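Before I ask anything, here is the structure I am working with.
Letters A, B and C mark the chains as written, and numbering starts fresh at 1 in each.
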Amino acid sequence: MTAQTPAGDGVAAPKGTQVTSAPRDVLGAVGRTPGEPAFDDHHPPQLDLISDCTHCGFCLPTCPTYVLWGEEMDSPRGRIYLMNSGVGGEPMTDSMVQHFDRCLGCMACVTACPSGVQYDRLIEDTRQQVERRHARSARDRALRGAIFRLFPYPRRLRLLRGPLRTYQAVGLQRLVARTGLLPRLLPTLAALESLAPPLSRPERLPERVPARGQRRAVVGMLTGCVQSAFFPDVNAATARILAAEGCEVVIPRRQGCCGALSVHNGREAEAQRFARGVIDAFEGTGIEYFVVNSAGCGSCLKEYGILLRDDPAYAERAAAFAAKVRDLSEVLVELGPVAERHPLPVTVAYHDACHLAHAQGVRAQPRQLLGGIPGLELREVADAEICCGSAGVWNVLNPEPARQLGERKARDVLATGAQLLVTANPGCLMQVAASVQRIGGTIGLAHTAQVLDASIRGLPVQRLLTRV
Amino acid sequence: MVDGPLDALRAAAGEAARPAEDADAVAGVPARYVAAPASTDEAAAVVRAAAAHDLAVVVRGAGTKQDWAVPPRRLDLVLDTRRLTGVVEHAAGDLVVVVRAGTTCEELQEKLTPTAQQLALDAPLPGATVGGTVAVSTSGPRRMIYGTVRDMLIGVTIVRPDGAVAHAGGKVVKNVAGYDLGKLVAGSYGTLGLITRCAFRLHPLPAATALVGQRVEGAEEAGRLAAAVLAAQVVPSALEVDAPPDGGIEVAVLLEGVPEGVERRVTTTRQLLGGDATVSGSPPAWWSAYPWSSGDVGLKLTATLSRVPALLAAARAVRVRYGAPLAVRGSAGTGVLYAGLPGVTDPDVVARVVEELRSAARGAAGHAVVLTAPAAVRDRVDVWGPVGGLDLMRRVKQQFDPDGRFAPGRFVGGI
Amino acid sequence: MATTDTPTSIDALAARLRAILSDEQVVTDRQELRTYECDGLAVYKVIPALVVLPRTGTECAAVVRACVDAGVPFVARGSGTGLSGGALPRADGVLIVTAQMRRILEIAPQDQRAIVEPGVFNLQVTRAATPYGYYYAPDPSSQQVCSIGGNVAENSGGAHCLKYGFTTNHVTGIEFATPDGELVRLGGRAPDSPGYDLLGAFVGSEGTLGIATEVTVRLVRLPETVRTLLAGFRTTDEAGAATSAIIGAGVVPAAIEMMDALAIEAAEAAVRCGYPAGAGAVLIVELDGPTPEVDAQFEHVERFCRENGAFEIRIAEDDIERAMIWKGRKSAFAAVGRISRDYIVQDGVIPRTALPDVLRRIAEISRERGVRVANVFHAGDGNLHPLVLFDETIEGQTEQAEQVSGAILDLCIEHGGSITGEHGVGMDKTKHMPRMFTDDDLDTMQLVRCAFDPQGLSNPGKIFPTPRLCGEVPGRHKGVHPLQEAGVAEVF
């Protein structure tokens, strides 16, 4: 289903009016940039999705890169335009790739779009095309290679923690030497270190946690990579909450990475491998829900059906699996609370992680859960729809703009005057922690699960107020 | 004796063209002819005739502002609009009226009152025509809520100095087709052409009105009360101050609306102005009148809202310093004040007063303009003061009136 | 006029602009230039030769100066959301984008003023003023993204302009880059600057008289009370009669908006606003002001709606409900995309009393041509936004839709209205201007243009179908206009 513009490029006219008497595109006669067309036949960005865009621009004010730079080509509208020109035969130039790479994948545009453009689909299809077809610079390749040798592997990530870091220096060197990755991670790691108390040893979660009281569901739980390496207490809290609410929790030791970072960076084959691993790990466990406490992971898991659509051996299972995926807050609200909530007198600024709010549409549930805790006062953060700048590993690949976005978010968070920042994503937690520290502010940081866990267990507020 | 121009004017306007008399002089400058066309077409013919004979033209409505601004550098023809009268169309359902420029504002209101509608423009000079009001853009207390001419004029018909007839805007309030020439001619003192027809948006006549007033000692207190009224949410239709030369300042707030609404807002406003504030169903005697009489010196002073008290204080300082009985009155709700001095005041004193007030206005991000003054004073002062964008204004004038025949020299920068 | 657009002259200009600004502020990559080839009216596309993004008024003026020196035309663009192609670039020209001039310089509630750069989003002004108890009244539906500079260029309105007026009633001062490349200030914080109201001519001049680099706007005190109701009627006639009754009674609502059945269907599909089921038309009426005034008038409004056939009336109890009522209306244009492949959004004005008649005629035209038309409009001031729906992949539908769109504009003019209430003439309606104005009318307007832009480099080709050669004697042209002869202009 292709549409013709008056210039006859064979590309879709963004939806809107059509006239037969449009002015001549003088430069059109000059011809397009030389080179082969940007996209091949393997899941290119779809023309009919591109055509949904009416060019209204409502996405611009919510796009972090447009907010930072005010340039059309780094806005969703502009990126769709570039995809369109690529579909029309324009080559995949460095410039085009740079604009795709700069997209945070935060999906704020999806929320803002009145026409229902599925930008999430478009950018994911585009990114895998870029990854396969574009020759990155050696430095870029090295850096990305290092990231993906590290982040999807919790045991390797733990090498970055605390005193172990220097002890394991040799191991780290092998992984990431001379890629420039470590210096980029240092500020965040420093912030992380000051999140007391540092664990001497990660809590080991049993493979099956029985339900407390009447068993209402059997659920699987993702332990994750960054989460389990840096915030194992969040995982422990998650398991406890689920148990307290009557869930039997299945936590296979060897789950592997869910593949979110890979999918969000166009590394399709790698992501598919990870996905199959997760599906296999939970095969035959009889789970009704698959519970995730990391927003980025959750949004990826919910799309396993799409990720493995081309694999006849996994397509159906992947779709069935995806249908079971729930964010922790979703499943708790769906089941309804049974465990008693003890008071937590504390002011909380709740930060919507992009992959929870925009990508999954989950905004009300975390607020409902926090609101159900007696004594807890919830405050809204200004400009909540703008990303904190973490965006998976975007902040590692784009440190300077990530710093600017982080500072904006830190200032907005601190402006609420809340004692505690609560969010549902480890990446956000680290980014905001580092940013708050950088601007000389101070605030407590906690995962939604930790707050709920403290309330259910009747812990004092002080336990939550680990300060940056 | 053959009088080429007169013949041409008579060919255009028939008996309504005649030689001028002494009374037809404009700001002391004698005229040669007077023509009073009865329609836009006739007016265009008159203007063409004037162009053909290189006649300098000044438009006259009711003549209420003839001695305003600077006297014309040249004058041949007085273009009288007294026969260009009548309401062309009153679309009451749309709150729009189309009226010929020579109609007086009072006549127009008579036609509108039966439908409980109004052209919400105060008339500081009784008897003024619609055209004259637009050409000079006069206004009064209720500009605070309704705006001024520029906010009400939605369409205009003008005759250009070369005789071409042009329309801008239309008969609907919402219209962004083309340039807003109505804004350009409003306040242009007749230097861009003759306005023959205006379309205005109207407002309903309010069901109830009330005036709440308070007397205070000085500028600071007046400023405090004004600020309090502005910060509240009573939505006054006017917020006026009157500072006569003999001291004291009266602050008056006009409230309009439905009876129950006005009643409650009166209560709130009384609290803001002080419990002993007076309430009346009609405005004070000075309301909507300039603080000067014919033959006096009249000034217009503008300021930001927060600096209105500073202007009032400057006025007081001027009274003290020069012993000049300066009367000040105007809208603290919009930052537009008027000041008057007796016509017999020493021109040198007036010059210094103008300078000081101009300096105070400038400090308030506003301007001081001498609207009217006796000849002796006019020669001593810079009537218009500094004007931003003058170069562009000259270029606009050059386009509309390349030969500089319409009201030459009356306007800013010698335009 | 423009010199030849040989690569060399543009290259030289690009180099000069890089020196005046910085490398990153000058865009020459063709793929990137392409993303700027259209604004909100995506059917017209022209790739600019260059795009520049100045960050200050001084830079902007310097850019204009450089263009003028090179004899290259320039077009200004804010957020690129305009609906008349006003920011459509010139293939031989420079697109000057103000998106990086986006600071709010000052909020001065004590003077009821705000001073902002042109790239600031409309809604940001209100957000900045609200903590002080003020807001910026003109509220186009695209206010979350449209720029103040763009609002100035188009004299934008919005739903609340019925009571509060348009951009021109809320701008008291500007600094702008003249088409000569000078920075000039008009007006300021205080009202009534002496001289011609050039500011009044500038607002709504669609970028043809220069580029605003700083705008002083009037802030309005937040109303004590806002009350909003949504009324469902079976027919647009009934809704129109209710509107007449409300206005006729002397009520001045802050806004009265109407949507017909097709528009409601679209809005429902897009944002699930839950408007009354089975409604042939809905009215959204909003009153604001002092509480006792609003309460008293609101009763009348409710009564008029019922008396004229409203079968369901919903009154917003809080801000959230109010936002829900408005959500359907505000997303109507974009929402139409869900019930139709393609559409033309029109922007005509008629006297409000002619509404029932015109709507009937539109329905007739729609039936005759077999083209669906969804109607969304500002019932209070007669500003219609007919959305002409079609599918361009079906042969002949595009032409039919265009004809219907043109016929609707003719209707507006027949009834003494206007061809554009808010969106501007831009590129899209230049050919309709002669239907509304005579040659002398257009000539006279262009005198203003010649005064500001004698070289004709500031957004040329917009608004006026036949550009005027500045310096020629005003008046009727005998025979063929020189520009027609040169093949540069056509008479429609």
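Criterion: a contact is a pair of C-beta atoms (placed from the backbone, for glycine too) under 8 Å apart; a residue touches a chain by one contact, two chains touch by 3 or more.
Because the structure is predicted, anything quoted here is derived from the model rather than measured.
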Can you identify which chains form the pair with the largest number of contacting C-beta pairs?
B-C
By mean C-alpha position, what chain is farthest away from chain A?
B
Give, as an integer number of Å, the spacing between the C-alpha centres of chain C and chain B.
31
Where chain A and chain B are represented by their mean Cα positions, the distance between them in whole Å
63
How far is the middle of chain A from the middle of chain C, if each middle is the mean of its Cα atoms, in Å?
37
Chain C residues touching chain B in their complex are 108, 110-113, 133, 154-155, 157, 161, 165-166, 168-169, 178, 184-201, 203-205, 221-224, 244, 247-248, 250, 252, 289-293, 296-297, 349-353, 378, 381-383, 416-425, 429, 433, 436-438, 440-445, 447-452, 463, 474-475
Interface with chain C, chain B side, in the complex: residues 91, 93-96, 116, 137, 147-148, 150-151, 158, 160, 162, 164-168, 170-184, 186-188, 192, 203-207, 227, 230-231, 233-235, 257-258, 260-261, 263-265, 300, 302-307, 334-336, 361, 364-367, 369, 384-385, 387-393, 395-400, 411-413
In their complex, what parts of chain A are in touch with chain C?
1, 3, 5-7, 13-20, 22-23, 25-28, 32-33, 52, 54-58, 60-61, 69-73, 77-78, 81-82, 85, 90, 93, 95-96, 99, 113-116
Would you pull the chain C residues touching chain A in the complex into a rising list?
5, 27, 29-32, 34-47, 49, 53, 79-81, 88, 91-92, 97, 99-100, 102, 119, 121, 142, 144-146, 270-271, 331, 333-335, 337-338, 341-345, 390, 392-393, 398-399, 401-402, 427
